[in-house]
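Two complexes follow with chain A in common, the first pairing it with chain B and the second with chain C.
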Partner chain A sequence: MTNPAGAARTGLGPAVPAFALLLLFFVVPVVMLLLRSVTEPEFGLQNYAALFGSGTYARVLFNTFLVAALVTVFTLVLAFPVAWFMTVLPGRWATIVFAIVLLSMWTNLLARTYAWLVLLQRTGVINKTLISLGVIDQPLPLVNNLTGVTIGMVYIMLPFMILPLHATLRTIDPAILRAAALCGANRWQAFRRVLVPLVMPGIMAGGLMVFVMSLGYFVTPALLGGTSNMMLAQLIAQLVQSLLNWGLGGAAAFVLLVVTLAIYALQIRLLDTRRLATQGAV
Partner chain B sequence: MLLDFDRLGGFRWVLVGLTALVALFLLLPIVFIAALSFGSSQWLVFPPPSWTTRWYGELLADPRWLAAAWTSAKVAFATMILAVLLGLLCSFALVRGRFRGREVLRAFFLTPMVLPVIVFAVAIYAFFLRVGLNGTFVGFVIAHTILALPFAVISISNALEGFDKSIEDAAILCGAHPLEAKLRITLPAIRLGIFAAAIFSFLISWDEVVVAIFMASPTLQTLPVRIWGTLRQDLTPVIAAASTLLVAFTIALMLLAALTRRIFAR
Partner chain C sequence: MRQLLIGSAILAAALAAVPAKAQDMVFTSWGGTTQDAQKQAWAVPFTEESGVNVLMDGPTDYGKLKAMVESGNVGWDVVDVEYDFAIKAAQDGLLEAIDFAVVDRDAIDPRFVTDHAVGSFYYSFVIGYNADTYADTTPSSWADLFDLEAFPGKRTFYKWSAPGVLEIALLADGVAPEELYPLDLDRAFAKLDTIKSEIIWWDSGAQSQQLLASGEAPLGQFWNGRVAAVAQSGANVGISWEQNLTAADVLVVPKGAPNKDAAMKFLAVATAAEPQAEFAKASAYAPINVDSKDLMDAETVETLPDSHTESQIDLDMQYWAENRDEIADRWYAWQAQ
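Now for the complex of A and B:
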């Protein structure tokens, strides 16, 4: 900031305080945690062997990917029509939908999860409504299981899918679809062979983001899930907090970290290739 | 065709119907919780037999809830100041700096946003156990600043990228000290980005649960930690009241942001 020669030269200087903070309180703690996975109780890879060798932990890993995949698919299916609607009908209605999406996104996470906990319980509104409508006789088990986690997580993740899809759909020229119709494409063909490929960058961006966020999610699975379908984040918390097994906890954290970073790397690569491809085309 | 509302034919009503359903799905829990917080039933019977403000009374009469809210507000405010200051400095280096590895440095500043929060929570908890910062105000602020920093950097550097630096240079040529030019020309020009960074940072800290659960002590806990703890014991309507107040607060903050944007943008 204090550059007497004029402001023309800005160096690394101003970034130093933030850099130091991140180094000391982010990089060092994370590296220390990961180191514990190969040094506790003794030096070696025994924690990773335990993590991948045991049926219990393998189930947690499987369940984590299952939930993330289910949530991604359902979120995509629900978000697509909303993003589409907001694109074809801009103006007041789109603004209202947009406001609802933002409101839901910025409402306190615990408040939303609490609401679902109450709504989905055995004596909750959803079960009572279904019973009074005669759809079911006995209350459905909607919470403390896979169903509960999926519903709660889809709810939390919807905004993160709607926004990128909408951002991509908005950039598509409607004339391209009119051209498809003029060339004889029926609605389904135009959707399948023109619209979906054009929205693909948005689908990939939103899908990968939702998938990777779901993989590491803690709060919603912990409150809406059951003991039999624990996810990786809950396992890490339990190993560290209740069992004080820092070695194994560190190993589980490392697995989550590697998977997360790998998916982000994939996303950056995919999006870059796409950008290059479109640049080449123009 | 597919992107022209008038030419969608009957399908447009399918689209409208599906969107309405998803919008209802998004609104349902928020409206439901507000209704419950005024319901008289201890066991959250819905629709409630009668209406009451009893739960708000219990909430506001309980010093533990008030203490938690006060802690949350203090932590969020300190986080906001720290994240905006650091983010501002950092953005100048990232946008204006001409040094090798600038893109790598930018990616580095965004990693706390990418890393699963649980990994950071466990790591910082272990680290703070050693240095004795768990359950302290300073510990909360440090951890939350790290989580808020990427959002502050993104908002402010976007604004800074859109600002024409030659205006600042012109002020310096006219005799302004470089620092004065930054404070009186550049900062006002990027105020929208700074404002967005402040709102983001505040809300991230205010709503943060995972790190806070690990770091909280019985004597120092934030509002989300208090809700989490109560939630695990029973589903008392007091939580509905607390949640409704949080929702109202968020809406107020969002409206304030929109309003200020409009005034600033003039």
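Now for the complex of A and C:
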């Protein structure tokens, strides 16, 4: 760390294969795709005009953001108590909870998504149980719609929210909460005015990660959603594979990339500002 | 599932271009029981006869096929595709012409052969229903699929823009079969709107079977072979052949296929009477070779669309090839609403 430039130089050699791989199999195809989006069927911005001009595609864009936002909010609400629990548990138990969280991440995505299908469908476990208990008499529409997509994606995104939250929570001295209580804060005030601001970097990191991952998600919306909840990644697949309209598909993929990069840039900026603010406060 | 993301389509085209060994060729189809049957009925006898090993790949992916041909890196020799796609792909220059010096054109049902494609198998869209759900009155006509009062419950239709669903909507709305084409799209979509919220779309044959057998969607539009297979597995399902709609899969050779000669010989075997009969027995799809039926027992013949020609309607693949893109735009826009 004393000589960052030197460290960067010496570190460069071993990184070359990874850079080459990314350049060859990511950067080059992305640039080719971008070129297609402005050259097919002819040179110009007609694909972008079509993308933003049509009510259908605008709806897909809106839906993509709606799902990503819903998933982020629900994931945060569910992840926070788990992360907190992991922080206050004694070491061995925390390790077990940690392992459970990671285990869910390592299980095959398709298998987990199909499992939700089995649980959520009209003739699925949840509906059958509720009907036999007499809670409902008609099956609830839990799948092939926004509900199904949100449930499935929140479940898959949970570890990506729990881990950053936990990482931040762990660094907070529990004495701070006791101090807040001693100063007369009730539990809500201690949570809202002391804990949340301190955890904010974790919330931002987890939230943006989940939001960005959700934007480009494909498998879960494809399996648990209906055709009216189509997201951008599905639209891209459809344009490329079914309609063979690679110009428009390229434009859609590029829009997704730009939005993702913009949010990433925003994240870096926000975290920087935060760090400055905290340092200023200290 | 036939979707993947764009990057992988391009990447896969590059990877699939790894050339097969000499005396190997690659056959690509839709996977599952259908491709298993194709392997047994066609590839095995072809390899015995020619010594050429047939490697199986799949599922068929039109994006990949186009990427291969455009990049000049074709990894597939014979591909099973939908008929209307084949006509369009031939117009776009993506396919090799079939060598009818090798393939016997006269043995193939003329409905299912063109200069660039030979029939793979043909099938009908039929009405399938779960007989546990509809014990008293069973659905028999396309109009019944639109009758939410007589037949409540979710109904399932083919998800992709393809010949079938729009025709069904028009027939259900009272259009005479001979007046179907050109399709009145406004009328078809208006009719579909009346049941749109009750539709679950199936995107693969396996999914359609699961929906039907579980009762998740107790009635709908199915490939006849898939309903027959569900019935054979012991599920209580029924079938109505009224106004069954024929469509076909065809075999094509992508332009620039590395083993074109072997591919043509493979097509000759695949479309011959006996291999077609063997495939039909295993899959409950219909043979496209006009002599195959004589090689099959009466009971199997009864499950084929050939035995239900009374009110049968041929979907117009030429019309679809010409209007494929335009209809697809509208179809997916409507679905997404």
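The working rule: the second predicted complex is superposed on the first by the 257 of 282 C-alpha atoms of A that agree within 3 Å, B and C clash if a C-alpha of one lies under 4 Å from a C-alpha of the other, contacts with A are read in each partner's own complex, and residues count from 1 in each chain.
The rule is simple: a residue touches a chain if its C-beta (ideal position, glycine included) is under 8 Å from a C-beta of that chain, and two chains touch if they have at least 3 such contacts.
Keep in mind it's a predicted model, so treat the numbers as computed, not measured.
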Superposed partners chain B and chain C on chain A - clash or fit: clash
Which of chain B and chain C A:Arg59 touches, first, second, both or neither: second
First (chain B), second (chain C), both or neither touched by A:Asn144: second
Which of chain B and chain C A:Leu51 touches, first, second, both or neither: neither
Touched partner set for A:Ala180, first chain B, second chain C, both or neither: first
Partner chain in contact with A:Trp116 - chain B first, chain C second, else both or neither: first
Partner with the higher number of touched chain A residues, chain C or chain B: B
Which superposed partner A:Gly249 touches (first chain B, second chain C, both, neither): both
Touching partner for A:Leu165 - first (chain B), second (chain C), both, neither: neither
Touched partner set for A:Val199, first chain B, second chain C, both or neither: neither
Touched partner set for A:Thr107, first chain B, second chain C, both or neither: first
Among 127-135, 145-153 or 163-171 on chain B, the segment whose C-alpha atoms clash with chain C after superposition: 127-135
Overlap of the chain B and chain C footprints on chain A, listed as residue numbers: 25-26, 29-30, 32-33, 121, 123, 218, 233, 236-237, 240-241, 246, 249, 253
Parts of chain A lying in touch with chain B, wherever the complex brings them together: 1-4, 6-15, 17-19, 21-22, 25-26, 28-30, 32-33, 36, 78-79, 81-82, 84-89, 96-97, 100-104, 106-112, 114-119, 121, 123-125, 128, 155, 158, 169, 172, 174, 177-178, 180-181, 187, 190-191, 194-195, 215-219, 223, 233, 236-237, 240-241, 246, 249, 253, 256-257, 260-261, 264
Chain A contact footprint on chain B (complex, rising order): 1-5, 8, 11-12, 14-16, 18-19, 22-23, 25-30, 32-33, 36, 43-44, 46, 86-87, 89-90, 92-94, 96-99, 105, 108-109, 111-112, 114-127, 142-143, 145-146, 149, 153, 168-169, 172, 178-179, 181-182, 203, 207, 209-210, 214, 224, 227-228, 231, 235, 239-240, 242-244, 246-247, 250-251, 254
Complex contact set, residues of chain C against chain A: 1-7, 9-11, 61-64, 66, 154, 159-161, 200-201, 214-216, 325, 328-329, 332-333, 335-337
Interface residues, chain A side, partner chain C - complex: 25-26, 29-30, 32-33, 54-56, 59-60, 121-123, 144, 218, 222, 226-228, 230, 233-234, 236-238, 240-246, 249-250, 253
